Amino acid sequence: MSAYKNDQTNDASNRALSSLDRSNLDLKTPDKTYLDSNELIINMGPQHPATHGVLRVILKLDGEKVLGTECVIGYLHRGVEKIAENRTYTMFAPYVDRMDYCAAVSNGLGYCEAVEKLMNVEAPPRAQYIRVILTELQRIASHQLWLGTHALDIGAMTPLFYTFRDREEILKIFEKYCGARLTTHAFRIGGCQYETYAGFEKDVKNFLTFFAPKIDEYEALLTTNRIWLERTKNVGVISGADCIALGVTGPVLRASGVKWDLRKAQPYAAYSKFDFEIPTGENGDTYDRYLVRMQEMRQSMRIVEQAVDAIPEGPIMGKVPKVIKPPVGEIYHSIEAPKGELGYFIVSDGSTQPYRLRVRPPSFVNLQALDLMVRGLLVADVIAVIGTIDIVLGEVDR
Amino acid sequence: MPNFIMSYLDSKEALTPGSAGSQFWALIYVLIIFAGVSVAVIAMNWIERKLLAHFQVRLGPMRVGPHGLLQPIADAVKLMIKEDIIPAEADQLVFWFAPMIGLLAAFTVYTVIPFGPSQAVSDMNIGILFMLGVSSLGVLGIVVAGWASNSHYPLIGALRSSAQMVSYEVAMGLAVVSAILMTSLNASGTGTLSMIGIVQAQQQQGVWFIFKFFPLGLIAFAIFAIAMVAETNRAPFDLAEAESELTAGYHTEYSGLRWSLFMLAEYAAMIAVSSIAVTLWLGGWMRPFPNLLHAPAWDFIFSLFPGLTFLALAAIALIGVARMPAHSFFRIQRIGLAVFAALLGFVALLLLVIAVAGRSADMSVAGRFNDGIDHVYWFVLKVAVFMYLFIWYRATWPRYRFDQLMKIGWKVMLPISLGVLIVTAIVGVIFS
Amino acid sequence: MVPITTLHYLVVAAALFVLGVIGVLIRRNVVIVLMSIELILNAVNLNLVAFSRMWGNLHGQLFAIFIVVDAAAEAAVGLGILIAFFRNKETVNVDEIDLLKW
Amino acid sequence: MNLAMNSALNSTINSGMAPVATPWFFYVLAGVAVISGVLVITRRNAVHAALALIVTLLAVTGLYLMLYAPFVAGVQIIVYAGGIMVLFLFVIMLVNIDRSSKERRFNRIWAVGLGAACALLALFVFAFTKGKALFPDRGMPLAEGSNTQEIAKMLYGEAGRMGQYTFAFEIASLLLLVAILGAVIMTKKKI
Amino acid sequence: MAEEVKSPPPPPPPEGEREPAAEKLAAAASAAPAKPAAPAAKPAAPAKPAGPVPMPWTSPMVEKYRRQYGSGLDAQTYLGQNYLAVNRSLIPDILRLLRDEEQFDYCVDITAVHYPKREKQFDVVWILYSFPRNERVRVKTQIADGASIPSSVSIWPTANWLEREVYDMFGITFDGHPDLKRILLPDGWKGHPLRKDYGILQQDKEWVQINLGIESGQ
């Protein structure tokens, strides 16, 4: 049908051209219009309210239907990996916070643990518990931010304000703990720099009791909302096999039915000591990803609760030298960041600076799946899918 | 006093100035409505921002005047003195007058809205038809504005919003027809298209049409209530202005005063369609239970409501005064709010005095004035409920996708409204 | 002032009718040709309604309504043809619609 | 425009059954209709032409109201101005106007067309001047208040009887149905 | 231990195999005594005596491949993490086998390390993970500057952007990549920033001047 149509169109436009020549007009090519354009290239971003930063997506459209996409990234590239090669291990730690600035604590945890592993030291148990508490709180905060912006993309204004209100409570705990709210730099290589402040446990417990009904509030707004269901069900479907082939991890992978979480699969920090579940979805659509993230918040609360109850006494810094000089060697260590597998591949040449530091960013790899997920959908769905992958451009571009 | 002023006031039967042939009073009414709607739109601006803020655990405007009461005025001044940018590539003339089309359509509708049995500019024989027709002219303004901007987002926004408005008009019209059908269920068997006639039909039949033939009226009303949200491009059907997709839709290129005309038109249209809904299904100007609680005592009690409402508003403002922090920074705000409360209280007193004075419900001037206030009050109250709903929707719901919107319009609303129309006709024949 | 009689309306209608005919005959753009046809139909409507007023019955108005129905159908089909035509030949000029097939 | 229309309506009702007492309205509306009619056929830009046509239609609506035909006026607004013209604007935006605005406005035989139209006009003028006596100065009484009801009775009948135009009405609905189907089939790329 | 690791490798056949792939460098490569795999773990600086050292990694899988490919492949474990150092010529086969037979179905990351002083300047590293086995492995190979390497996009689609990034940052080309172009840096950028000879303050002056209109180049 389409080939036939194209021939016809070409034929017709040729005829139109020849007739134009007759009428002495200097119009060489017939202009394209909406109706007639079989393919339309639209540029979304880098300045677009719904691309979560400076992502630029080139959409190839048939009418409003997406035929294909191409992501243009790098607008926020700062050369983190190059910077790492010119900083000492200690000096570089704050830089990792700036990658996924919505989950700075998780980034720091991954980096510190990687360097510790390279040096073959271990953080003391108390430090590990503090790390787990803060990281899980950060996971909740990251998911809250995701939920708010994702809902805003789909047109629901109110959840944004609810989630930011509640995220504030987490940021307050961070601020009290380490003085910073967003790019915390909470951990040091070998443990934590700060002892918990007086009343830390109480604050965290207060937050848990405060937050439990709030998740229900978010869910009341969205989970059974008809429009939300229509906008998210069967939108951006990706199968588990596709996820694995594309290296997609985190909630997106779990929503496609693969029960895989690094906290369970290859436990790090103190995660093996806690009892929690890995929520999974079935259909791998936007709605399942939403549900999985909501469940993850609840599971994170469970972990935090157990960790606060069982937090041991003891030192918070392990035995690490003042000058950090890991032996020659290389290490890959990854953690389950809120967005997926966050890995650090560090090559040491025995000096105080990493010889090569590679970050395996979850957002970057997950964003690759966008093209597969939005094919055949409409333009409005692209926005929903970008939101549901949960990208942070600071991490994509590094 | 000149005869042309008094003759209308002295006439014994309650007629609209248009019907009574008093061009002077028709002009006065037009001016009152124009001013009233403008003020209502400005007030809506404040109320919407405030309400949305409170839905979203924010405070909303707080700085300009006490609790941001003067914010809309500040906004209006800002918009008026802003530069009126006309893009170089735009179609200058069309770009210039496109906002006026929408505004003109939105305001013309008010000539037939019955705020009371005689509180309308005119009682047209084809009132509802006229309303639907003129309000559908608003689409022209949007289409033309999007086209004249000569830019992609406005054009897509304009095409989307006009496609949306045109398709929802169909379901809306059919729902209206089923209400009009109900007006014909009287002894003579003839219905009416007149807005006042429709309310009077509800009065005669002793039931608001929303409760007529129980689920039928309700379904038709529900269809209209959904279609009117789509018709005015409000959330969750605000695809044309979906900022996450199309920045601002058809008015992306507009700025300053011209942009504010679009806002004015949008809010005026919201009030207009709410008025249609109130007139057709919610008994228009009638107070609750006029046929059950019809004793003069009840009349008196209900006529106290306007005054009491203002009294309550004044009390809320006074509470606000009391709750303001006792800091010198808030002194002017406190004084301002107190003055506002006093103003509200004064209006409340005035209304209560009128209610008491007009108690006898005869055809004296005070009595008629009292009746008029009553009618307008109940009408505006019902419209206000719809305005609240508009804001509530916006705060609660995500946005539909365009294909879903069209699917709902054509595949759900249209068949249901057709079905309701047919069933209403059948039931009407059987039971009349 | 001269009272307005039926003849006044007929003159206006005649003027609109002639304008419509001119439009149909001389414009190249199909859209404007279709609009001119609407102009002609309106002129006819005005005549009918004026006669209805003159004779004091409603038959003229009914005919006017039927003509409006007809105009709607004509616009829908005409514009449909126009779009189908435009999609194939990328022009909206009457001059170039000279084939019976495309 | 609309305000003028309303005032026209008011004055119509005002003056009872007499011919409209304000010829001024008639001249304004007629002038607007004819001038914008000229604009329709002379504007290069199709959108401008469409807007001019809308003004003509609204002016003619005002004339209907002066002729005690409120229902026709309502239909005119809702169908013509609200429906057909939006359709026109849609189509103008869908098909390319940039190019057509650069082309010649009139076709090659425009002189012939104009001549024919002038001949037609001359015919009209002749007929009107000759037949002036045929038209009475005052119209017959026409009930404006129940105009819609009367039209409904003629269309649908009354008290069980079929109306005079019921059959024609059904045919008209069939025509519309056919038109819808035809338009859909013609414009849809693939069904 | 280290000696033990080093001792088996230097077999000529892989050297010979490598020659056709990268002809230019082959001469130089054969001149130097080949140390294909083990040095990868021990970059520039000499190893400290203390601390963990790489251990040979023995497993049925490794045995099988060692039998199959002989000394072109070297398996070690360091700090509990296993890696295979593989000759460049074996890369596509090994990767495919790892996915098809050993269920390493998830390519976590592809990256490279630059050793400017070495003959074959680049280590290309594949970090793989197996969902069924819950096991990670790294595959490494050395290639010379200017040499290319077969793309693994057909094995793991995720390699698409990862290889583009390696190309962008190191200038390593991947044969058979569907769309090998810069990903993070602008298309006209000159140089590959993660090479060691690309200083941290070095900017592409020309690009900045032309595209950003900053005269000073920074």
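To keep things simple, chains are lettered A, B, C, D and E as they appear, and every chain counts its residues starting from 1.
Note that a contact is a pair of C-beta atoms (placed from the backbone, for glycine too) under 8 Å apart; a residue touches a chain by one contact, two chains touch by 3 or more.
Computed from a predicted model, the values in this text were never measured in an experiment.
Chemist: Find out how few touching-chain steps suffice to connect chain B with chain C.
Modeler: So the least number of steps between the two chains is 2.
Chemist: Would you mind checking which pair of chains has the most C-beta pairs in contact?
Modeler: Result: the chain pair C-D has the most contacts.
Chemist: Averaging only over C-alpha atoms, locate the centres of chain A and chain B and give their separation in whole Å.
Modeler: 45
Chemist: Using mean CA coordinates as chain centres, what's the chain A-chain E distance in Å?
Modeler: 27
Chemist: Once you find the CA centre of chain A and the CA centre of chain D, what distance in Å lies between them?
Modeler: 60
Chemist: Using mean C-alpha positions as chain centres, tell me how far chain D is from chain E in Å, no decimals.
Modeler: Using C-alpha averages as centres, the distance is 78 Å.
Chemist: For chain B, write out the residues touching at least two other chains, lowest number first.
Modeler: Where chain B meets two or more other chains at a single residue, that happens at 159.
Chemist: Out of chain C, which residues touch more than one other chain, so two or more?
Modeler: Each of 83, 86-87, 90-91 in chain C touches at least two other chains.
Chemist: Which chain A residues reach two or more other chains?
Modeler: Where chain A meets two or more other chains at a single residue, that happens at 30-31, 34-35.
Chemist: Any idea which chain B residues touch chain A in the complex?
Modeler: 52, 55-58, 159, 235-236, 238-239, 242-245, 247, 394-404
Chemist: Mind listing the chain B positions that touch chain D in their complex?
Modeler: Listed in rising order, the residues of chain B that touch chain D are 18-19, 21, 23, 26, 30, 91, 93-94, 104-105, 108, 111, 121-122, 124-126, 129-130, 132-134, 136-137, 139-140, 143-144, 147-148, 155, 158-159, 162-163, 166, 169, 190, 192-193.
Chemist: Going by the contact rule at the top, pick out the chain D residues touching chain C in the complex.
Modeler: For this pair, the touching residues of chain D are 19-20, 23-24, 26, 30, 33-34, 37-38, 40-41, 43, 46, 49-50, 53, 56-57, 60, 63-64, 66-69, 71-72, 75-76, 79-80, 83-84, 87-88, 91-92, 94-96, 100, 103-110, 112-114, 116-118, 120-121, 124-125, 128, 132, 135-142, 147, 150-151, 154-155, 165, 168, 172, 175-176, 178-180, 182-184, 186-187, 189.
Chemist: Can you name the residues of chain A that touch chain B in the complex?
Modeler: 34, 49-50, 64, 151-158, 160-162, 165, 221-222, 225, 227-228, 230-231, 378-381, 383
Chemist: Okay, in this complex, where on chain D does chain B touch?
Modeler: Residue positions touching the partner: 1-3, 6-7, 9-11, 13-14, 45, 47-48, 51, 54, 70-71, 73-75, 77-78, 81-83, 85-86, 89-90, 93, 144-149, 152.
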